[in-house]
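The structure appears below as structure tokens.
To keep things simple, chains are lettered A, B and C as they appear, and every chain counts its residues starting from 1.
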Amino acid sequence: MDALILQILNGLDKGSAYALIALGLTLIFGTLGVVNFAHGALFMIGSFCAVSLSKILNLSYVTLDETQTDFLGNPLKVKTPYVESIFGADLGASIIDWAVPLAILFSIPIMIAIGFIMERGLIKHFYKRPHADQILVTFGLAIVLQEIVKHYFGANPIPTPAPDVFKGSLDFGVLLGFDANAIIYPYWRLVYFGFAAVVISAVFAFLQFTTFGMVVRAGMADRETVGLLGININKRFTIMFGIAAAVAGLAGVMYAPINSPNYHMGMDFLVLSFVVVVVGGMGSLPGAVAAGFLLGILESFASMNEIKALIPGIDQIIIYVVAIIILLVRPRGLMGKAGMMED
Amino acid sequence: MFGLGKHDLKILIIVAILALLAPFILNPFPADSAMAQFNAGYPDLMQRFAIYGIFAIGFNILFGLTGYLSFGHAAFLGVGSYAAVWMFKLLSMNVLPAILLSVIVAGLFALLIGFISLRRSGIYFSILTLAFAQMSFNLAYSVLTPLTNGETGLQVYNDDPQILMGPNSSTVTNLFGLEMRSTYTLHIGSWNFDFAVGYYLCALIMLAMFYLSIRIFRSPFGMMLRAVKSNQTRMNYTGLNARPYTLAAFVISGMYAGLAGGLLASMDPLAGAERMQWTASGEVVLMTILGGAGTLIGPVLGSGFIKYFENIFSKINENVLHEWFSFLPQGLENIMVWMVSPFVGSGWHLTLGMLFMLIVIFLPGGLVQGGQKIMHLFRRDRPEDDKPGAARQSTPAE
Amino acid sequence: MGILEVRNVNKRFGGLQALGDVNLSIEENSVHAIIGPNGAGKSTLLNVLIGKLIPDTGSVMFDSQSVLGRKPFEICQMGISRVFQTPEIFGDLTVLENMMIPIFAKRDGAFRMHALESTAHEAGIIEQAEAMLESLNMADQRHDHSAAMSRGNKRRLEIGMCLAQNPRLLLLDEPTAGMARADTNNTIDLLKQINDERDITIAIIEHDMHVVFSLAERITVLAQGSPLVEGTPDYIKGHPKVREAYLGESAVGETA
């Protein structure tokens, strides 16, 4: 029982990331009808927003401390981050410590801007082109984005820690009456899950309760009719693209402490996110979220030793196997609408 | 001749001349000159031209004709490589059984994956093939380690059975004793031209495969494949079953990929899982699109182009750039180097990605279409050549 | 016994009775029109006839064989060809190639792996395709890109592609929808010519009364999912029920 709960918990953080990326992916697909292979790159850029902010905050100047000497007898060089000299040592240090959560604020305008530029500059011209062309051009864009990141940040993963408060783990088992240390769960992963829940709820609330969201949902259902009503749906769709980019970016920012950002993480997550979208049903937002968590948890179950002993290698392929079965048995996915991209 | 129309025969002969004289054509600069770095006439690179040419020609039979965009073809290439290395381990270093087995295994694998993936079309097909390839890649790294040797990669060891090895058998890859690596170098003045057995084997096989693809393009079967791409509804209501046609195309292109994989292993008896990664699948898509999907010669051009520039660009580093721009004033030189350096060396992939986007945006018909546009500029008065035998261009996957 | 027999077909979509107790018999070598106001169930009936929809009850027999649950290509191989509302042709291919494909399908069946034969050497097929284009007055366009043709010509080609297979039943779904008057008249003339020259049964689902009364030998009027009356054009024209249910709309159809 405790092992079961542990696996569910372990699946939640990856599931959250899948759900957030898939949500944006399916939002873009449902509204714009575009298959965006560069969506994983947006997630990756989000992570690197966290890296950049942490680097910026750590920018330091060097002073010589005459009272101390290093092992060569020279005066010790002391690096002081500018932030600390501006805000004072204590506040400055905690600002640096909280770099990742702060990067949320930092990343939203950046991600929305990137989304706008992508949509207006490139994707817009591909609405009427075949899906194969959309796949190819966004695939090219994904390569370009990841290579640019690689050029500036290097090929190695960059550890980006969470704030000190969230280091360490929660003994979840004790809360449920199990033995101590039976279910250990890192705090940051709980934060990530909670954060994902908030973002997902915000997107749904936005689509459900605002006029803007209503028009977008109508557009997802029947683009032409909404166009006939004289509503400038294209402008709204541009904004939706920005929002989808921001959601992917936020997913990336908060994921940085879980998985040290590297330039190819976007591609790794992209393939899985596509699978998630397909399993959930192309163009279905609840489907994307449900499938994201479902597959995240399934993946974590498959990596249990008992299961791996039963079916070796299952943890490596479980998501693909599920996707293949779903696509064959229920091509619309779990919650897909009829007629969405069938043939 | 060869059952080909005049136009097709011309294309075949051009490709044959290019392939057979490649050691000359690709080595235009004297060996000790500064320009020698742009030479591509060494066996290692020429082999890759031919092998990736085969890969792209096969991919074009599927994507160019039927419009089904597979994102998993690298899996067949990888499987072909593994099959070939196993033949080296079990039998001998003779490449013939290795190549044969790689084609057969890749064909069977493609039959299985195609049978399942082709139940869906469009984007779903692309994602299914992607999922299968990624699954194969993950398996090759994990449970299938006894077959693939995991991250180390599969290679031939001294204690392998090699039951057909005689005491005098060659210990490097060979074709009945003719070693793949054996090279004759012709020195003319300060030029060096390398003629390697391995390259010529690859080139001859590539020519045979190119010929086969022309035959397929010009056959009723090829016409049916184009019909699949053009309009599946009409196809069905014309009493034709699209599924076996697409499956046949899928298996054929899978076998081409397996052959390419087998040849890669025959030139260098190694096989690793990274050959199956989906970025490798993306590369063959790029080669086909860059050259011109659905055209005969496009994939050959595309693969040659990409492999050539990959090789050249990867070699250029900042020192080379400084040398190039040394004629400029110091400040300007540094600016130029700073601007160009992200695109060369390890930045080759950035150039590749940009190229990919530019081609899809501005030239969906690839280099062949670009070439035709330029040709039209020069002879605008001539009406468009639209004989049934003429190489037909078509935009990818409409 | 007609060539196509529809017996007691019912089809519901949720609460909507799309087809209710449809009985229909189409005589061999006749031109039979199925008409009805919008929403009368014409398209649903057509989809049942070609096996795309499986009715809740009832049977559809073509030449004493059931068509239900068969794939489109099987139904076509049985001898039913279909013309669509918007012409479905192979737009990437030339006119001649478009015409060759149905002839290949007729000769070689649903699939044949003729990958190493040369299309250019298929003299018999090319000859037949050119003859068919000749009879459609399209021989001059045979090397044209078919997507670039006018809608009327695409329709002509599509009908020709169906005929090239010598079908026993030709199903047409609003074959003149969205066409200019001249193209409509050309299409009517073509269908008349086909009916005169060939032993073929033609079933038309149509909205346009001008087309229906120019061609049909027998007419079934569908209303709210069920056949209302059936008879010769004169009988239908004079029938009070039809006037009430439908002909008020014919003026619209006539001017459209």
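General observations
Here, contacts are C-beta pairs under 8 Å (C-beta built on N, C-alpha and C of every residue); 3 or more make two chains touch, one makes a residue touch a chain.
Keep in mind the model is a prediction, meaning the values are calculated, not measured.
If the chains shown are joined wherever they touch, the resulting network is a simple chain of contacts running from one end to the other without closing. Distance from chain B peaks, on a Cα-centroid basis, for C.
Centroids of chain A and chain C (each the mean of its C-alpha atoms) stand 52 Å apart.
With centres defined as mean CA coordinates, chain B is found 35 Å away from chain A.
Per-chain CA centroids place chain B at a distance of 46 Å from chain C. Of all residues in chain B, those touching 2 or more other chains are 398, listed in ascending order.
Residue ranges of chain B in contact with chain A, taken from their complex: 67, 69, 71, 116, 119-124, 126-128, 130-132, 134-135, 138-139, 141-144, 232, 278-279, 282, 285, 289, 342, 347, 349-350, 352-357, 360-361, 364, 395-398. Taken in their complex, chain B has these residues touching chain C: 3, 5, 215-216, 218-224, 226-227, 229-231, 233-242, 244-245, 248, 252, 386-389, 394, 398. Residues 50, 71-73, 76-77, 81-82, 84, 88-94, 96-97, 100-102, 104-106, 108-122, 125, 143, 145, 158, 161, 165 of chain C touch chain B in their complex.
Considering their complex, residues 35, 122, 125, 129-133, 135-137, 139-144, 147-148, 151, 267, 271, 274-275, 278, 282, 312-313, 316-317, 320-321, 323-324, 327-328, 331, 341, 343 of chain A touch chain B.
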